[in-house]
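Take a look at the following structure, please.
A, B, C, D, E and F are the chain letters, set down in written order, and residue numbers restart from 1 in every chain.
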């Protein structure tokens, strides 16, 4: 069994109830959330062996986060506990024309302030086979960027497979750096790359582009986009490209392609008309992808499973993919929404 | 006024809040539920005189169930109280591609263990005009099957009209019997039969079949299916055939046909795009059917009223049809969803 | 900055949770609501200077209403406190084919019983530039009708711009009067008129009519309807006509036209497929209209902003338009439902 | 088995959650409440046959009240449904030095406006053995006072036992009458009288008085008070005198005496240090008294059972005594608060 | 009418429901809280004219705080909106032996980072008669300390009465300073000083001490403690000394003394055995004190009112004194916990 | 560090909200509970290494139980998953004179039906130092009794320390056996025995007895009781005797003694006047005892820590001791209920 490790920030997410605007009524729903943590939990619920590396404060918030990860079966023994604060974000659901709104309060968190020496990557990645990271972690702070690069480099040196989800949050990048430079340095350590159609340009500064409707009618249009990546970074062996169409806050569709230098598989399109919670949908896709790559390798089954995982997440409150292999498999095979009685 | 009696199991239904998965947050919503009980409550809220026969435990759960039925105006004086437990089921809502999920904990309930001698049908059915039962009750246990057949036979002997909703829950049938044999024996006592297009084959072992789109374009295709029933069991005088199309967990449509040996009426199709709670939808249809048969007899009005009752239920949390004659009538006549201010 | 004043009833709204029917479970959600109050809060949240005139009881309900208005920045110093009761209404959400249901308990409220001498309009309207009222206020009671007419007349005499939203609630008119007569008297004081396509006939007794699909294909069909108003009441200088299509309780569309004697602008059509709370949608439109007229005058931008405000309200629980200028502007310019991360 | 009938107002009670002040957060808890209704439900839960007579509006509020009574087993077939409104009251819990606060909104309810001809007492009291009423009903309105007296007179004429709980709500008496005169007229029809130590003076204008500590040290001090009643109204055969000591909003004690012309029994004193909900405590006492008089007659057991019923109510949210005979009996016999595992 | 101004931090308080430990279940209750803000709201609810000066972030959290203050009638027009974050604190209720637990997340808030030039005190204090501050504000940060001293000095220069509540939070003082030095500098501008028996030593470095039971038996023991203050800072004209005895998390008592150089008044002792929420109790005392000093001057009535206000707060969830003059007056006069029906 | 293992049933506990009676309102609060599981979680939260052995069903309920244990840091890798059901219990809080009420629905659970061969104790207890069990496990079923004895015997054989909490639930013993015989057989394997003053007679059939007030005035009275145990089972080396006084459902006190053949230590008495949740109090005592024995050995500190742990649990909702070593230590040292700000 593949043994995964991931590194990133996990925050407390404080959500207004139902479709209320923030602070409309005086209560908040607490869940935990963070791009790599979402992938970790999703994989753990699928039965995988996952270790999550982060820095948490030694207060009730840090403890609560650790316990939540542990509940889902994630290995928390590699977490560093420090003095400081936990990153938070406040969120309200969107509906119809009203988009989801997020208010971040994540500055100066433990992970943002953690010095590279906090993490001994040789030890943290021992007995691990796969390292996953996203483009959000280096955006947190300059030290987090250094930790990210060191982790990726060490993972590669130690022979782990490295996957990376380009995941640009432009507003997060607050320190003096060109994020494209950082992403391009990261690419040197990557085996499996995940991104949406816009990321190749916005994160990596590449030039290939696709038309919005190509996913339906002309999936081969994505080939040049992938080839440009393969050409720049020959170490990258697989690319998963996700495609989302947003009709309204609660009506969207999702699909994806798995591309290797030799082949390409296009998933079914999943139409989601009554989205419950779209945050974490991309991370659920990644969890599904990693799990399926492990089980079914490069194939149409793999990309369908990954997209089904991502779609299923949209029906579940919170950031986490709380689903079993069987549930995702059933959906990937087409039995959408039928009763299980 | 027609005086109804029904017999079956009523359970406590424990539902995760909103669209949460089971036990995602630590609370459960309690309602009561059971096929015949749902019909009983629906009829009682429509102003009918209904008596419900079951066995309940003499603890707080059994008392709570009795009180809930009584609240809606169902006659509870015929309920047998016993030592034992109440059947439970845990449920989570579906959304989009994620289906409703039910976890049963109903084994060894009072009603499953009740011996036939617990129920004196001559007394229980005295001063009643109509007896209703579903295909779920004989599935509960072998003793429940014997009780079912005895009740049906007695009802017929006493001159009551007998209606039966074929309602196959394949996983429930745990004792040594071929369910088709049981259903065929039940048919001998039935006047009014209710089932969906698949039940005639799966429950009764008949051969006629329809195409999925026939309800829209070719309703006469259902005629041979009904005729096969009429031929086998000449005592059956009316058949209501329900049709459901499932696009996703919360987008479905419903329609139905009322068939007699001489005539056939097809209802409007109700498209439900934001289903609130689909459990009990079939029982609401039956409640509407029985009520309307009593008021408007064999007619298009009757089947439209029944389908409107079923559709309306999909917008109401819980298993029960909490609606008035006027509300259903308004919907049956086409004023869907307009404000009543 | 334009300084607004409005006059009308504000009630406590007691809603069943989620999609439950009234009293299905034993809790109610409390918000405050009333046509002019909704406009007042909407404008105040958009940063406008608004004073709300009403009569409230000197008990905890009246105090709670005052505090809620004050919270949103509405000037409450002109409210009259009296002995008596607050109007209430109970409401349940609709879903699919099941419409919203309202049960009023608003008879004999303070505002319904307030004598005209309670309100010294010269003082209440001092230092105000714009007076807004709806057709609901004169329907409350005969004294409320007299207060309404006196307020409108005084506003006009003092040189305020007067806007009026025809807003017929036929069931409210309980005293001896022909409501058309009252509305026609009100029109004599109006500068800006708001109404839907049916109001010109039902409230004002005019004859022009449009076809239901005209908004999409033939907006000029609305011109004669507006001209008939302009002809009868030359004091009316602008008319906003709102158009709603109801497909189900939670799937509706909205659009509007702004008409002057010289020109006409038609808004985009907003399709709302998962309505959260449609009550107050019309008042949000009015708040958006008044705000935009002030900022962008007679223009396509103005009517698009107003319709976007109305559409946005449909995604927010409660009667109030809790939204900022920027949010509405973004929607008016077409970015419906995209994440703001 | 004694068959009871009672007459009075039942209201909807809207309570702020927990210990919050009214409208501190935007939700209210709904229960039903009213002096005689509380007694009716308490008796029904103790297994008695009780019919409740009142007037309710034909809207969702009236229906909800009827259903709630029916749920507890009260016979609701004698309720009159009328046009009008349901009485409401808003309430917040007290704690420590902060008392319970009630805001009434009960004016002009159906029962307050019901004309005497609405109630045909000969029919309503047929097949009933006992009629119970409180001093609140005649306070509602002048017509309610006439209904009260007619009901009591008819009950007496028909041979029913009549019990009356003096229960002065001074603020309710709004019409032109001296309430002492009304109470003295009522006394002419009473067999069993219930009141606290102050009522004999405040309601009946009598002169005997007791000292506050007499219940502990000198219960015979209550004898002259009772004798004064027996002297004025020889028809009164039993008096139950309740005694309450209020240390704070949630720390109170309760005790009572049962007095006949020949004998007197004093109950144990129940100290309640963490009161959950004290409203309805007196009505629970009455329910316990009527039930116990029926079972154990004039005795120390009877008054202990009644006080235990009243004390137990203080631990239960809502106005109703939701308790069984066994639970009260156990408490009356001294096993306060021990686990039942 | 005295016009008040106050300056300090207001935070969002996130509380675990009921008696739960933090994050035991996934929801938090949101209220607003801060020492001076609590006083401001308490005074505003008592009908006083209060302006609150602070710095808030221009995000949804800052807006929500402003709206909450505005709701209670506090003037919010003097609040500075800045880039940055709002201070938060997480809290769980105590019970029995388990104490309240607070987890602060208030570092780097807008107010902690606000430079003195943000506040133009001449303008902010114009048309104000009284300035109030606590010992918490200078503890927030070094800049906050400079703002505090400048505000106090300006207030005194402008002729305002200055009150100060010594309110030591030792853990807050994180910058390089001896807090006693700061407090002693603050004292030079104070007219009315508030503190508990320990503050005179811990905050001001004075030597006089009292015995714990003196409040009950020997209140004159507090005279030397006050005299030491009067001697050091002759500008101080009144001292209110509060006394709290903690038996458990929910059983405490409170009392106070009002001391002038010439006289001394000791309040009643309030025993609180079922505390609902003790946070803000001291601030409620201060609000009551300022209000009563204004109404009844130096007197026993004043200190009793202040203590009653503080005691009453302990029965109300949240930090704010949500109470009227009449409610506090009734309690100050001894009617603790009796029903108001 | 001592490595613990425990064996027993863990159930889902479904509690009515607040102080409501069961099913009074339609929601239930879900927690997990079971005597040994409670000890396991308490120890894990204190930082100990604990493995919990049980049998759980392979459905969502079993998964939820496993996840909850895992969240608290308990090792769940030794749990057996089987076909079957999870034991449930329904509970309502007591208050004042009203006791806690429990309705069990735990018959036929996985653990009750698990055959001894399901558990390979040699493997399950490998690398463990301490085995803990209670008197509840053998009561579940005859097979559970056989599993219990085999586990205890194996543990002893393997050299583990064995602790046992006598914990009689008389109603659970449903199979043909004299529970005293079972308990006496269990004693042969025990090193550390825990029980209350009555258990030595009711469980073990011994004769020594104490007077109820002895804990306060005459603790040496417990010596003969302990000596009788030491005499019968020389393998028992320590006895912890717990003492509880129940004044009402929410006012109780607790204390304990630690007795060895050579010495005896009596704890302080903890008076708990506002109990939040008393279930699990005994298990929290045991968790505290095992933890403290490990840290401070036989001593007054140990028994004070254990009683403080038990007392603290009474202030926390749910069965689990959610507390840290520091919190219990602070309480054991006497700082009850003081703020930690």
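Things worth noting here:
Simple rule for what comes next: contacts are C-beta pairs under 8 Å (C-beta built on N, C-alpha and C of every residue); 3 or more make two chains touch, one makes a residue touch a chain.
The model shown is predicted, which means the values in this text are computed figures rather than measured ones.
When the partners of chain C are compared with those of chain D, the chains appearing in both lists are A, B, E, F. Note: centroid distance chain B to chain E, computed from Cα atoms, is 63 Å. Averaged C-alpha coordinates put the centre of chain A at 46 Å from the centre of chain E. As a whole-number value, the distance joining the C-alpha centres of chain D and chain E reads 45 Å. Each of the following residues of chain E touches two or more other chains: 18, 26, 101, 273-274. In terms of inter-chain touching, the protein chains here all touch one another pairwise.
By the touch criterion stated above, chain C contacts chain E in their complex at residues 67-68, 70-73. On the side of chain E, the complex with chain F involves touching residues 18-21, 24, 94-102, 169, 171, 246-251, 273-274, 278.
Residues of chain D that touch chain C in their complex: 14, 22-23, 26-31, 59-61, 64, 85-86, 88, 90, 101, 103, 105, 107-108.
Residue ranges of chain E in contact with chain D, taken from their complex: 18, 270, 272-276, 308, 311-312, 314-318, 322, 327, 331, 335-341. Those residues of chain C whose C-beta lies close enough to touch chain F in the complex are 25-26.
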